[in-house]
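Structures given as structure tokens follow.
Both complexes below contain chain A, partnered by chain B and then by chain C.
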Partner chain A sequence: MEDALKTGIYGVVAEFDNATDITRAARKAKDAGYTKLDAFSPFPIEELSETIVERHTRLPWLVFAGGVIGCIGGYYLQYWTQGVAYPLNIGGRPYNSWVSFIPVTFECTILLASLVAVFGMFLLNGLPKPYHPVFNVPRFDLASRNRFFLLIEAADSKFDRQGTADFLRQQNAREVVDVDY
Partner chain B sequence: MSTEVTRGTDDRIDQYPDKHVTEGGRAGEELDGYPPVIAPGHSFASVTDKIASLALRKRTPIGWLFAFFIAGSILQLLVLSIAYLLAVGVGVFGNNQPVGWAVPIISFVWWIGIGHAGTLISAILLLFRQSWRTSINRFAEAMTLFAVACAGLYPLLHTGRPWLAYWMFPYPNTMGMWPQFRSPLIWDVFAVSTYASVSALFWFVGLVPDLATFRDKSRHWIPRTLFGLGALGWRGSARHWHRYETAYLLLAGLSTPLVLSVHTIVSFDFAVSIVPGWHATIFPPYFVAGAVYAGFAMVLTLLIPIRVFYGLEDFITMRHIHNCAKVMLATGLIVFYGYIMEAFFAWYSANIYERAMMWNRMAGSYSFFYWSLILCNGIVPQLLWSKRVRENMFALFTIAMFVNVGMWLERFIILITSLYRDFLPSSWGMYMPTIWDLAMFVGTLGFFVVNILLFIRLLPIISIFEMRTLLPEAKVHPEEEHKVIEDKRQERGDTPASGGLLPATGD
Partner chain C sequence: MRHEDSQTPINFAPPFAALSRVQSIALIVGVIGIVAMLALSFLGGVFGLKQFFHAYLTAYIFWVGVTLGCLGWLMLQFVARGAWGVTIRRVLEAGTKTLPLMAILFVPVILGLHALYHWADHDVLFVASGEGKPELLQLKGLYLDAGWFVVRFVMFFVIWGGLAFFINRWSAAQDREPGNPYYGNMLRNISGPGIVFFALTVTFASVDWVMSLDPEWYSTIFGILFVGGWALSAIAFTIITMILLSKYEPFNRFLTPMHFHDLGKLLLALTMLWAYFSVSQLLIIWSGNLPEEIPWYLRRMRGGWGMVSILIVLFHFAVPFLILLSRRTKRDTRLLLIVTVLLFFMRMIDSSWLVMPQEFVNHAAGRPNTYVDFSFVSLLTALAAIAGIGGAWVWFYIYNLKKMPLMPLGDPLLERALTHGSEEHH
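For the complex of A and B:
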């Protein structure tokens, strides 16, 4: 927030028209010591993500945990209802007839893991977020069509309004603009 | 191998002579004599604009209105039959002792099977890196959702008291009762509801980036707000894409065993009983194959007309049509093998009830339907061996229709011929569907088509962002790619040092 007051802007953004240029620019920005940068592209670019993302997401572990909870919870639901809360003798089977409990346990595992995968992904991404300063960039609606944008935030310690903009201009950018709050 | 290559991919192909083959064909590459997955000459902009223009248009095509009018009228039949069922009771259906399960359950199994192709295309083919899935996965997933919605109606209405359907779920209640988890019918509740939920989530996750495209392309504030709500503020950040792709792959991995389990559990509804003709270990695999078979037939039934009507030949190319036809042929052969094995088991088991059941199927009162089933599902699809037939849209559509009918007949045969003559001749009886049985089934066809039409009119029917990744220009230049990965590796070694040198952020 301090930086915003200092510069009055959220950051600067450079527009590129192909995947190779933005990947190269992101790489150079990293090399130049910028840390608060983000790239926006109309489709996932593995090389770009490898440059921007500091460490692999924790999501797989969360999904695994979701699956384990679903599995144990699903089995326990059946064990408790069939064996403790409401025991019924069905064809002389044991109350804890685990073979019959497999299908529902399996479905609960998948359901919980999938819910965590989807909602975990959105939450870790900070979505839903209807407003973001980058949407103030006039041509940003092309980020979902055919253009690529590289953002360097004003909060970056190395950020300098003129210097950073010049740096981005040298990276084969089509246009470099300020991002207002 | 590669006869036609678009600009920009040449060096890559020279460098890795086999890579383009294993990738399953990026845009513009013609493989094994089949056309590419996207016609040559497309760019990010043209792909986006073409697909978006199908929904983001002012005028609704006359053909769409006409189809909507017909399907909407048929939908009224469903509304009417549900209203009559609720007013009068389950007696409006033709099922009665000894045939307790009939057209509603047949239709349930038929619809749920159709849904399976969508998940197969979106999840299993993703795991196998089949890039041709990209232009049809969104559509097939939508088909799955609507088919599951149609399927879900039946068990609900078949209970006769749909307002008490929540009794099937485990919840603490004043009666102190819990569902009986040893019953396949409760497994079915969990399987189908999980399947519906996960399919809906998978579909929605795929839609989010495309809804962002629609948000950014709409000029009027109403669609922009609505698409914006759906897009959840998606802005295509590299960090977001990274988690998104992880989540998408995980969902595909979770959906794959799920889809196989759903029809397996549906088949348990039958196989766990001791009724002759149902009590068979072959049921799970043969039901799953039948589901995929029926699903691909429905995909072709819908895609062939839509592709022509909306001029989507560039995106849904002959390659897709060929592949769908081949999957249909392969699964059809598995299903046909299942029919032959059923007959063989009945004979080989030396069980008089199994043998009598099989004999009744082939020569009893419903033998016409049995032989129609063999014709529709076993004989007619053999035409797909011919490349000429696979290339003829009219022939392919007709074969798909045969399979649609055949799969319905399959469930009819399994249910009715096993039940109408059970162990005791004193309890034998014939079954005839009533007008309401048929009205409800035809009505769900209307419900399904109305949903498909609304989907086509309002949402991106092809996954736009995934189509972009198939274009040659989506590829980061190889040297750069190489450099980035190398640098990243070096950087990983240096991370602690460089991280330590940088001042804390936010000062």
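For the complex of A and C:
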């Protein structure tokens, strides 16, 4: 029974009254070594998201790679069609008329980089998410009104059902509850 | 970089001792540059007087570009009303105060008119061009006339000088009366229309001074290419100044990586803008492939100048672009300084690339399609001339920088500029 409960929940969530408390709690949790945190608030709190969110996302590198592939692909498309497959003499210019190829190369770079930016973002942040266990918390709808919620996931290596809940209670939380699947 | 003792008030006076040291260095570099330029032109050069004047013009358009770029940025930041502008305002203002020096330094260009511009010899326009284009050149002759050239030069400097004079005057007055909104309003009111006049005059100046080196050639994007290029020179120079000054009070008291991040973004944007305009010009001329236009590029795509072109593509665009993409570069003053100095140096190479290849054509007057090989000595002469004029320019610039507090103390955005970036926890 005890074991089933330990593994059977998604995590614990703490409810806070104000932005200062949740920000302090989030920083304490980070300092204590928790990594799988999430926070929900009625309005954006810059300090809080800087504490919670991993700043060094891989997305810029993916976008860069997309841009490079678009650049090379765009140029090669023109080079192959104009220079190899169907060489055309246009006004005496070289078949590999690289200056004329710049606009399309540039556009392909931007196109692929932006496609990777949009779809890479969805891939990395897991959106859209039609179901999330945190909505099972009865009072969670207050997160869009006047309450602040800090979630620590059971998947966290430091997670301990009793210990984590106690830890959160010490941070001036109004209430700490389990999040069922 | 930031001192922790916020108790003592910040001293906004410039660091005089350090600035005076740079002034002495500038004078020494300037003298060496002028001697080297004379020696290279008349002892080691191929074209003597022509080489001297082409190198001089290269240096002139490079440094007048820094001056005017500062004027353009200054007006832009007044209109944009950003805290980033407040931080660099005094540095830009000192740049615009070098205008009187640049007006005097134009005299040698007028003296060398015949060595530089072969439209100055009327025969060339009306007689010598026997290859089916005399009509075009005759029409251009109405514009390309020595008298009009000087009149236009005076008009440019009256407009630029007027803008710089009133901006600096009102800016100083705003320091004395911090609460008075009058000066802030006047500064914005002159800057809006000023930007329009600025773009027009720079366009005409670029046509007069550089495009007409080859009287048959024309490019309609040339003016805006200069606006972008000169803005890049000026922002690069400003970043170098800011990084060097950031070791001293007042800047060591409040500058954060955020301030340099902002400036780095502008540097990246201008690098891209310059590349965009340059490619547009090449694309238009490449697609048109007209006999009046294409020789200008053919001259620069072959032999030695072709190698310089590749260097420009790599180090004026590709390398700085890729490095500046990273957020870390823009926030790390050491890395940013390296990239900015590289770009500033490439601006010099680009100015040489625009002017110096014409000396061969002008030398072979009447045979404008003759390609003579690149001479490395010419490029060195141009760089020596840039060092020569640069010595005087930097000396006078610092002389002006020392006269005012390093931050506009009467600006309503001052507080925001001082606390910019302090809300960060990194």
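General observations
Going forward, the second predicted complex is superposed on the first by the 132 of 181 C-alpha atoms of A that agree within 3 Å, B and C clash if a C-alpha of one lies under 4 Å from a C-alpha of the other, contacts with A are read in each partner's own complex, and residues count from 1 in each chain.
As a working rule, contacts are C-beta pairs under 8 Å (C-beta built on N, C-alpha and C of every residue); 3 or more make two chains touch, one makes a residue touch a chain.
Computed from a predicted structure; not experimentally measured.
When the shared chain is aligned, chain B comes close enough to touch A:111, but chain C does not. Judged by the touch definition given at the top, the superposed model places A:59 against chain B, while chain C stays out of reach. By the touch criterion defined above, A:50 lies against chain B and chain C together after alignment on the C-alpha atoms of chain A.
Look at A:92: by the touch rule set out above, it reaches chain C but stays clear of chain B. Chain A has more of its residues touched by B than by the other of chain B and chain C.
With both structures placed on the common chain, the touch criterion links A:103 to chain B and to chain C. Touching of chain A by both chain B and chain C, each in its own complex, is seen for residues 47, 50, 93, 97, 100, 103.
Contact residues on chain B toward chain A in their complex (touch as defined above): 43-45, 48-49, 170, 176-182, 184, 186-187, 190-191, 194, 197-198, 201-202, 204-205, 209, 212-213, 215-217, 228-229, 232-247, 250-251, 254-255, 257-258, 261, 265, 268, 465-466, 468-469, 473-477, 480-481, 483-485, 487-488, 491, 502-503, 505-507. Chain A meets chain C in the complex at residues 46-47, 50, 64, 91-93, 97, 99-100, 102-103. Looking at the complex, you find that chain C touches chain A at residues 279, 282-283, 286-287, 289, 325, 423, 425. Chain A makes touch with chain B in their complex at residues 2, 18-20, 23-24, 26-27, 30-31, 33, 35-36, 38-45, 47-53, 56-57, 59-60, 63, 67, 77-78, 81-82, 85-86, 88, 90, 93, 97, 100-101, 103-104, 106-108, 110-111, 113-115, 117-118, 120-122, 124-125, 127-132, 134-135, 140-146, 155-157.
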